[in-house]
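Input: structures, listed below.
There are two complexes below, and they share chain A, which is joined by chain B in the first and by chain C in the second.
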Partner chain A sequence: MKSHFELEDALFIGFCATLLVVLKSMLRLKLGLSGHSMFLMTFFYLLCYGAVGRVGCITACGLLAGIVAMMLSVGKGGPLILLKFGLPAVAMDLTLLMIAGVFKLRWQCVIVALIGCLAWASKGWVENMLAGMTHQIALTKFALNFLQGGVFAIGAALIVPTVLRRLQSHDLLQDHHKQYK
Partner chain B sequence: MRVNPLRRLAVGKRRRFLGRLNKTHYCALALLLSLLLSTSAFLLPSSALWILVALNGGLVVHGLLLKKKISALLKIATVQLVTTMGLYYLFHGESQLLEGAVVVLRVLLAMLPGWWLSSTQPPERLGEVLSWGLPHQWAFVVAASLSLLPFMSRELKEIYQIQCMRGARITPKALRNPKNWPEFIYCVLLPLLIQLLKLSKQMAISAKLRHFGNAAKATHWPSTRDSE
Partner chain C sequence: MNLIELKGIHFGYDTHQVAILDDLHLSVNHGECHCISGATGCGKSSLLHLIAGELSRPFEGEMIRHPALMVGLVMQDPNVQVLRQSVGAEIAFALENLGTPSVKMLEKVQQALRRVGLYISIDTPVDVLSLGQKYRLMLAAQLVFEPNLLLLDEPWTQLDNHGVQELYFVLKSLLSDGVAIVMVEHHPQAFGTLISHLWQLEQGKLVAGLYLPSVPREHKLNVTAAKATTSESCAEERVRISPHRFQFTGRETLFRCANTLSLAAGEIVALVGDNGSGKSSLLKALAGIQADIGQLPFSVLGKRPKLGIYGPNLSLLLQRPNRQLFEQTVLTEMQFSLRRFKLPLTRAEQMLAQLSLMGLAAASPHKLSYGQQHIIALASLACLTPKVLLLDDPFAGLDSVHCEKVWQLLLQLRQQGCAILLSSHREMSLDDVDRVWHIESGFLLDRSESMEQSYAG
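Coming up: the complex of A and B.
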């Protein structure tokens, strides 16, 4: 993690990561829906990107969420949970490097969310293959995960620009940020 | 009475070693132990789980002796048990109920070390330990986020209850329908995010006024709990 973020931005990223972990543990208990974690992950990752406006903030948020989840023992992976949060975040940041400024914010969010979901589903596919699952079943599970997670991720991506606009109307986002259209 | 010189040497060595260990070292050891136990809950075979049960039992006793509350964790474990066993009964019948119970036990065993760590170690110490591996700024961020966890939970609950009383469709039953999720975000998360953005600005100013990040080697504010 690079430490060139302003302290204020770094703290906001940390708060978002902690809130993501807290909400994830609460919703897991009450809903039990598969793929719903992509909703929260996408929402908070994209919110960090919108509020901080710097490439690398999604990766920072993902790794911090992994560390916090690991320390609070949220989730079932123990220290491996770092990968679960970190992998989609790195994929989203890399996508942003390629498409930043090409599309409007709404489309950027949707594309980045889908790539994040692809990384999330791929992690499951690799795990299943390592566990000795057959190609067909592993691919079927991958497709199902991608579909389920994709729906939630797109839902979150469509909400983010509206939330950013409302935060901007409260004069809470810094001046260098663009108009959130 | 004559004391064996070898034994005296061993005792002396142990005392010197323990003397060098301060509270931060103990916290680092606690963090390592917690990580090890959490990971083992998923990696150990079912036949060896009793070892983990015994070790975690010790952690629970230690936490309870320090008068830490475990009711929230027990509530989570009960909900996990009821939902998981219900699903196992639905999909596999009575034959695999024991496997379901083992799964819940593993999840509980993975959560217990985290409870013990967070209830026995102050966040300031955890931040100090993390700063050994992380840049100081990010270690500070992790420690600040963890120490603000009770504040966030309290604010989240308060805003949630107030919005429920105002008639927002965000009750647990209403949230089963994903159509109501945007309402949850606008009614609950947005006010909380506004507060967190303001808080991050205030904390950053407060830290800068205390010359945070100016020293080449980071110093750590002593925990108020240490002096109690």
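Coming up: the complex of A and C.
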């Protein structure tokens, strides 16, 4: 990962965060499937990581998306929407600190996506516990959320390397020598 | 102090590739006109972008700029640098950024337009301009802020003869005003005595002289033999253009066609006309992809042109090749249509080998030079061996070596019975093509017979 941070990086992070919130608010998918929001979230976070390649870029993207969503009243949760976007982002960034460069990009994306999903499901678990749900039901709900969110997150994670390769072939990524495999 | 001085510049796009600029030295001073020639894809345009300071990639070496340096750049594909929607707004963009009072803008914009020979309203939408007109527009957009260093990328290629002549006088007056010019050009003869320094870019270095590879001219048509062959094969008509008025919906007539024109199998016909005369629109209309044109009495392969009905039998090379390149490598790009139409994929490699372009097989087509993109786009169409091949300015950005390769390819397709219609804004010889259609003074006509008589005379 590179150590410096440039204007282009900031613009791309802002672009990913804005597009994530805008798409989420425009589509308003009522699929009735818990966890489908993990698809867009994972996709944009990992795209941001792949394109910017700097520690903290996912967190920045997540917090920015959370702030924009909070200001525009997108999704459920009021101010807690910041946590919804921010928590998985922080978890993904922390994971990348440990596994960056260890695996191939595809596996790295899958692992990071699952950790992000775990953080997202944990947030729901804590909320349920605070609401007075029993341990057993809260845990079952957590497992179900993780499972459903995980399917969407892995789907998004598998797309990201292809998108990055396409961006690289169009000369749109700064790290021109990196191989996105 | 020089306007700009480059010392020992090393620059490359990828670490695993050879540096395209290697220990390059260049100094440019007021009133000098430098012309750089070189093989297609050797790094000429990259050098201009480097001088303009708009390459984000790092380079080694020293670049010393005069504090008062003001650079104007007109790229090879002017569409890349168009920012606004109307002609006036596009030219005024630089003035807005320089903080010019709005009351002075109108006069400056109109002066710049007149200077490059564009006599159109400032409210004209940029979209309706042809590529050559857009090139002039971008030139006006640079001249309006009075740069002291003007960078031009292959003006001869994009401009018709009239445009080149006008540019000649514009450059002459700029040079006399002390403006320095650096141009990349395969045909410096067009600017004759204006050029004070002639360079060729060779192995990353600038060497004095003109790039003139010895290319045997082998593509000359044997017209008599061709006609004999055509009559033998009963000259199957592939394209028929009946008399019509060619005009966009709600606009004035672009040109009229008074006689029926036809293109037969095994024929190469050139469509010649000035910038903005309607060549590209006609080719698109024949391919069935031109919008706002209404129903025209065209017949291509016995059908009224419509998008998607011809499959691999009709191919169109667009004037901007990057509009039809989308895959991640050159090889996969060439294999895309072959795969789609269930044709042998090996044709792609054979075609690359034939054109001596195997070195580009793994490269991204989006990172290639304008000329290289042109030849790759053409090669990917030629692989399909279509029955009708429409080519919009296929030689743009190509050096003589690559031009000869393209001619050989076209002759090969012609022998296989392909009907080829290619557009050009320069006159073409009947040694090169079977017939020539002209768009001039608002008429589309076949002038081959009169040309043949003048040749005979």
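As a convention for this text, the second predicted complex is superposed on the first by the 169 of 181 C-alpha atoms of A that agree within 3 Å, B and C clash if a C-alpha of one lies under 4 Å from a C-alpha of the other, contacts with A are read in each partner's own complex, and residues count from 1 in each chain.
Definition applied: a residue touches a chain if its C-beta (ideal position, glycine included) is under 8 Å from a C-beta of that chain, and two chains touch if they have at least 3 such contacts.
Everything quoted here is computed from the prediction, not taken from an experiment.
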item: Fit or clash between chain C and chain B when superposed on chain A; value: fit
item: Chain B versus chain C as contact partner of A:Met71, first or second or both or neither; value: first
item: Touched partner set for A:Arg166, first chain B, second chain C, both or neither; value: both
item: Which of chain B and chain C A:Gly155 touches, first, second, both or neither; value: first
item: More chain A residues in contact [chain B versus chain C]; value: B
item: Partner chain in contact with A:Ile13 - chain B first, chain C second, else both or neither; value: first
item: Three-chain overlay, vertex chain A: chain B-chain C angle, C-alpha, nearest 10 degrees; value: 80
item: Superposed arrangement (fit on chain A Cα atoms) - minimum chain B/chain C Cα distance in Å; value: 9
item: Doubly contacted residues of chain A, that is, touched by chain B and again by chain C; value: 8, 166, 170
item: Residue ranges of chain B in contact with chain A within the complex; value: 31, 34-35, 38-39, 41-42, 76, 79-80, 83, 106-107, 110-115, 117-118, 126, 130, 134-138, 140-142, 144-146, 148-149, 152-153, 156, 172, 175-176, 178, 181-182, 185-186, 189-190, 192-194, 196-201, 203-204, 207-208, 212-213
item: Touching residues on chain C, where the partner in the complex is chain A; value: 13-16, 56-57, 327-329, 364-367
item: List of chain A residues in touch with chain C within their complex; value: 8, 165-166, 168-171, 174, 176-177
item: Partner chain B, residues of chain A touching it in the complex; value: 1, 3, 5-19, 22, 27, 29-33, 39, 43, 47, 51, 60, 64, 67-68, 70-74, 76-80, 152, 155, 159, 163, 166-167, 170, 172
